[in-house]
Amino acid sequence: MDHILSVLVFFPAIAGLLGFVVSKESIRAYGLSVAAIEFLLSLWLWFSFDGSYPGFQFVEVLPLIPSFGINYYLGVDGISLFIVVLSTFITLVGMIALSVEKDLKNMIISLLFLEMTMVGVFVSLDAIVFYVFWELSLVPMLYIIGAWGGNLRIYAAIKFFLYTFAGSLIMLVGMLVMAYLYHEATGVWSFSITEWHRLILPENYQIWLFIAFFIGLAIKVPMFPFHTWLPYAHGQAPTIGSVILAAVLLKMGTYGLVRLPLPMFPDASVYMIFPVAILSLIMIIYTAMVAYAQEDMKQVIAYSSISHMGVIVLGTFAMNPEGITGSVFFMLSHGIVSGALFMLVGVIYDRRHTKLMSEFGGLAHVMPRYGTIMGIMVMASVGLPLTMSFVGEFLSLAGFYQVSHTMTILAGTSIILGAVYMLSLYKKSFFGEVTKEENKNLKDLDGKESMALWTLVLVTVWLGVYPKPVLEPINTSVESLVSFMHKKAITKEAKEVIKPKVIEREAE
Amino acid sequence: MITLSHYLILSAILFSIGLVGVYRRKNLLLLLFSTEILLNAVNIGFAAISKFYGDLTGQMFAFFIVAVAASEVAVGLGLMIVWYKRRGTLDIDSMQSMHG
Amino acid sequence: MLEPISVSMESLNLGTLAPMLVAIAGGLGILIIDLIKKDLDKTLYVMLSILILVVDLGAVFGQRIGDRGFFDVMLIDGIAVLSQIVILAASMLFIPLALTSRRFHEFSYPEFFALFLFMVAGFQFMVASDNLILIFVGLETASLALYTLIALHNRERSFEAAIKYFVMGALAAGFYVMGAMIFYALTGSVELYKIAEVLKAGDFANMTILLVGVSFMIAALGFKLSMVPFHTWTPDVYEGASATLAGYMSVVPKIAGFVVAMRIFGFLIQSDVVWVRDVLYAAVVITMTLANIMALVQHDVKRMLAFSSISHAGFVMAAIMIGTTQANSALFLYWIMFLFTNLGAFAMLWVSRHKDKVWHDRFDHPYEKFSGMIQIKPVGAVIMALFMLSLAGVPPFSLFWGKLYVMSAAVNSDYIVLALIMAINSAISVYYYLKLIVYMFLKDPTQNEGTIYEQNTSKPLQTIIGFSAFMTVFAVVAVEPILEIITTYVQASGF
Amino acid sequence: METYLYTALFAPLVGSLFAALFADKPKNLVTGIATSTLLFVSWISSVVLLLHVAHGEEVHVKLMDWIHAGGLVIPFGFIVDQVTATMMFVVTTVSAVVHVYSIGYMDHDKSFNRFFAWLSAFVFSMMVLVMSDNFAGLFIGWEGVGLCSWALIGFWYHKESASWAANEAFIMNRIADLGMLIGIFLIYWNFGSLQYDVVFEQVADKDHGLLMMVTAFLFIGAMGKSAQFPLHTWLADAMEGPTPVSALIHAATMVTAGVYLVIRANPLYSVVPEVSLFVASLGAFVAMFAASMALVNRDLKRIIAYSTLSQLGYMFVAAGVGAYWVALFHLMTHAFFKALLFLGAGNVMHAMDDELDIFKMGGLAKKMQWTMILMTIASVALAGIYPFAGFFSKDKILEAAFATDHYVLWTILWITAGLTAFYSFRLVMLVFFGEERYKIFGYHPHEAYRFMLWAMAPLAVLAVIAGFFEHSFVHMIEHVLPVEEHHISTFTFWTLIIVTQAIALGGIGFAVWKYSKGGFSKKWEETFIYQLLFNQYYIPKIYDEYICKPYGELSRIFWKDLDLKIVDATVDFIATTIYKSGMVSRVVQSGNLSNMLRWMGVGLLILLLAAIFYSPVR
């Protein structure tokens, strides 16, 4: 099947359009089946993917605006493959656990459109197509936050939209400059990312372009100090919104970092390691502390997301296969784990309509199954070995250790501070006596919630124990990426810092 | 001897008078007059330059300006009559319902 | 003693006049029909107008690019043809909007349609000439007709709008002729190509005087194109005019103005008169930014759209300032994309136009009116949202491609800072477009009557809106062919 | 042998998962029996393996690849050599006993099933820890035992103090784990692998500074798990957990993981004397430091916990001075008698309705004869009296310290031996003998279930006889650990033994004498020294006051003042400024025609001025 990527991208959108016709009563079943089919399609993609080939597979090219070098150009490699699968998976799981009653039809249709944009971002290899999906993803999310959110939902939704939109416009300018430089160098217009990768630019150009791309991506990640939209967005968004936002949308930023600036501007990336690492460190430590101070469960997890994203960025800038593979894997694991955590908070919010930790206590007693899953996910979030997060966090930090010892030690505090806020969250809400009367008769997880959550638990543990099927294709692609960057780098420092796999180094 | 520059200076002075009129007058009718002065100031300039170059184009332009000015007056007066019928005044300050 | 002038019919090349003549004759024809039989239905006039415009369009297509005619004052170059096509297409989309289900006073007059056709002819003259006289005549013909059309809406605010527009227009006309006089004084010609030749030959000797003339021209065209600070009429006139006419005004007169500006400033910029470039740069930035921030605080959607169209015009003026082939092509691409979206947005307002002002004692379309529209009229809300997103430049809707291309043109000519300013402005502008979406999608409805959003709806209106929406969404497919045509035309005329 | 290895490893996991199935169900005896049986299976396998490797063989298997990224390859590999086999034997023995014991101890607890799930999970993690053939695998076990320890300390989570202690333990351990992680990174980037054998092979050609870093960071990890100063506070608080947990995790096995790490990494430590000396010094310090706190404490379990801490110090001294096998030997004997001591304490607690204050007990010997006997055996072993197990291992440590010329260390340890003997018998005296104070408080003590006592019996036997296996132990262990003969004269040798025995006996004697006469006077409790020791040198208070509270405060400041009031406010400020400037610029749009015309004039004027005054070069 040559056009599986197009099918993957547009199937949910078409299904979303057709969804307008489906009656309100059956819309949940409809949404579920569409998401399930989409997920199966993505699994098919995975199984027909050749894990030992590092380049792009299932490539599709269709001229869109050929005179300006814009093509409908799709493809996946090991790096994007699993994020695609993650997107479809999280959508499916989110759909299963969906507890929205109001305007369910609109919600499901928005989710399907959102799914299209998510998949689109990760499979597009043309900068403009990438950008199109990137921006388009804001729209359904705006609606989801704004229509089903809390009291401040409109403020949060607009803030989310404007902030990311502004950032990405700067990235767009960067893209245009890049296209211009490409045109200058080759005489051909092209927005193809793979073509751009091949362009070697002087270092000062690289640095400016890097900054332009970085701002757009950093707001999405979100990196300190551009992170303040995230707590609002999470705080106000309905559960499903937070789940998808944390699990997939944030990954667009970090995925973008791996896909765009790193291979395009290896020298600038190396040059910028220090400032980026400082920002990441601030993210890791500062937001972990802020997370500790929160009173609202969801905000804790929101800030913890920022903190973990810091580790991902750090891993990305390790410039060696260990770090980048680790950060890509960490993206997946953070997607699963934070998605599950938001879902878990949603469970209690549905029952009590509050997320304040002070309102709870002793939940482990009232809702043992809920407490168990929460415990597993808290531990996964803390990065316990044999959960997915550990693999990612370990590799990311291990990779960055090669770049800087001190900074890695500082970044490593994430495993301490993460334990501090996560365990205190767990203690405040799940341990202790049941003090509030309302909490005494809370229902434990129902069928659909259990199903969704246990699936996530299974994946977390499975990929924590046996990450190989995922790690291997990622690693193959990342290794070729890093050796490509190494070859492409022009400055001496970059050549030194970018370290391809050990064996290759020796072969040189 | 009256040279081109004299005509042009006259033209400029008239233009300025027109401009000042446009800015200072609060009556719509006087505004209309002032714009006529503006256009006719330019007419003088065109005619003079045309003579200076020995070229007919300038005079042609002047004629067109006259024609346009005439139709402007027609349209403008029409609008003003309607306004006066409705509001009973031609004061500019009576037209402030739209702002911001 | 003047020589008698002998003119051969052939050298007149009257074919170049054909399109305008068609429109004028058509307008006269409508008046004559009215003389013969009173009280004919507006549908007849609408269809007649469309047919006339079709013939007009045919005549435009029939022209040979590069022709001059009628004492060489007509210039049929690429951009003339191109802009005429845009003007005519926009007019054809506009005129069916008269077919509302409610009766509106102005459409029952055949004069409305006649004036409309005269106005189209005026715009056609403007773009199809490089003679300052003819441009002036075309401009005034169109403007005078437009003042009247606005006034025909027959509300107090319409008259106020018409008068404001008229008085300022008269002043702008004064500026224009003053500028033309200075050009004439400097070069002895009113043909732009000759002016350019003479100036180049004299190596721009009288720079200061030339610049004074250019200043007048900028002021005059700035009024037409609503550049800050000559823009003050725009929001008031849009507010006073009917939504449909406002939509038309935001598109067609501006494209005509752009073409004239291209002709006048184009040669100056191409001969590296840095002053023009710098001043336009400043004007562009101020126009974009100021209009944007003023649009932020509007309460009425139509007024907001007025400010937004000022901002869009500023955006596009940047293309003229840049002056490369790509930039000029970008201008047309942008405006064609803008045409569909903006017409659609105004048409949506037009559809929801209510006889009485039930929402606000001043505004017809305050934001509150659209509160919770998604729950009452989901399709309408989605379509309106599409237009808003497109105007905001969210990909892949039509206007994004225009913005992309203009920004790319800026980048390619090393105006990276300008491109960044454009980007930031786009980001600011998102807020006010989003505000409408927020009202429509995220707020609860204040009433349950769906009819409020389709007061005037009728099959033709729905068709127009549907067409605009279709073009907005699937613009990406159209970009390549449109761009190809545009670039050919623009290159053919040497820009 | 592979089958035995996997059986030993996975039997506890199976048990744990089985018990977890019943986690939220009411008590089901099956879980207890099943897990205990499976542990017994694991024990048998361990014994088989121990016998197998006793003659110098090794079992090394690879289950599958775990992580493979870039040059980093980490398999799930397991190795059973003599050190591991010893550890496995200790772990499974104590665990099996504790499991059986717990069936009785947790009899009335409604979370009976959950307890066994976690307990077996702990054993599994511990087995992974000791059996892994690489540092990453060790780290899995390392974190795994931490997790189980967290869950078991906080087992009675409805108690605020329990959940607090659980979190404290976990977080303290995490701090140390960071050090360990850094050590692992260092190893990977410099040795290219995390496999023990690969790493140890290359030790010779590595830079000394690097090795110092590696060992130092690894030791930070060890400090956390083994609760060495300054990360020791969690261990005493961890006594909030059920007593079998304290016996298994916080006395016999998990806390010795740090010692195990040092022993395992002995090829690294033996080439860096600086770090080794530090290890030994810290160990000696902690031995004395902890013992001093145990002297005055009134809490039954905390006293034993401090004693554990102190004994861990002994082990580190042994490891630090290069006598790795002695450390391992002491680890083993200590596991037996300390677990026994804890289990005895558990009986007492049961009898006293979970009362822990030893001053509310006394005279329990009449009611709980067997417990008294078992605990006394354990205490004597702890005090290091011949011929009990403690004597052999402890004496070896002192001897090693002396023989390697660490006289200061020896002196400290020697004094500590006296302290140890004193507090052990202070405990025994206050609990089992003297006045029957419990009657005042209305307790009705009773002996524990018979099978619980029987379950403790093997430990008692081992506590008595384990020492006699010294020679066969040495014979076995010398395949992997350096066993050097100390060159001290027979005279010195005997002198040392006598001196040590003397101080130990002196301690016992003093305790017995003092407490049979009613103990110290009230005045003693008002002295500064007493207060200092009783408040654990005020260290927990200092941590709370100067670390926890400022951290919380700083977090709040970061959130409320920095994040909301500066970072976020800046963003909002930009937005509102733009919005406000819109409000301001509306004045242009006054709607007055005159003004509008004037704006046009102003525009023209600006343009004209620009035309005249701004004339850039063309």
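As written, the chains take the letters A, B, C and D, and residue 1 is the first residue of each chain.
Keep in mind that, in the parts below, a contact is a pair of C-beta atoms (placed from the backbone, for glycine too) under 8 Å apart; a residue touches a chain by one contact, two chains touch by 3 or more.
If you're wondering where the values come from, they're calculated on a predicted model, not measured in any experiment.
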Taking each chain's centre as the mean of its C-alpha atoms, which one lies nearest the mean of all protein C-alpha atoms here? A
Which whole number of Å gives the spacing of the CA centres of chain B and chain D? 96
Compute the distance, rounded to whole Å, between the mean C-alpha positions of chain C and chain D. 78
Just give me the whole-number Å value for how far the CA centre of chain A lies from that of chain B. 65
Cα centre of chain A to Cα centre of chain C, whole Å, reads 44
Residues of chain C that contact two or more other chains, please. 163-164, 167, 171, 235-236, 297
Which residues does chain D have that touch at least 2 chains other than itself? 586, 589, 591, 593, 597
What parts of chain A, by residue number, touch at least two of the other chains? 162
Here the pairs of chains that touch are A-C, A-D, B-C, B-D, C-D
Taking the touch rule as given, give the residues of chain C at its contact with chain B in the complex, in rising order. 2, 132-133, 136-137, 140, 144, 147-148, 151, 156-157, 159-164, 166-167, 170-171, 173-174, 177-178, 180-181, 184-185, 188-190, 235-236, 239-240, 297-298, 303, 362
Quick check on the complex: what are the chain B residues that touch chain C? 8, 11, 15, 18-19, 22, 28, 31-32, 35, 38-39, 42, 45-46, 49, 53, 55-58, 60-61, 64-65, 68, 71-72, 75-76, 78-80, 82-83, 86, 95, 97-100
Residues on chain D engaged by chain A in the complex (per definition of touch): 23-24, 64-72, 136, 139-140, 143-144, 147, 150-151, 154, 157-158, 160, 162-164, 166-167, 170-171, 174-175, 177-178, 181-182, 184-186, 188-189, 192, 551-552, 554-556, 558-560, 562-563, 567-568, 570-571, 575
Touching residues (chain side chain C, partner chain D) in the complex: 163-164, 167-168, 171-172, 175, 204, 207-208, 211-212, 214-216, 218-219, 222-223, 228-230, 232-233, 235-236, 272-275, 278-279, 290, 293-297, 428
Contacts from chain A onto chain D in the complex sit at residues 159, 162-163, 224-225, 227-229, 286, 289-290, 292-294, 320-322, 325-326, 329, 362, 364-365, 368-369, 372, 375, 379, 382, 384-386, 390-391, 394-395, 397-399, 401-402, 405, 408-409, 412-413, 415-416, 419-420, 423-424, 427, 430-433, 465-468, 471-472, 474-475, 478-479, 482, 501-503
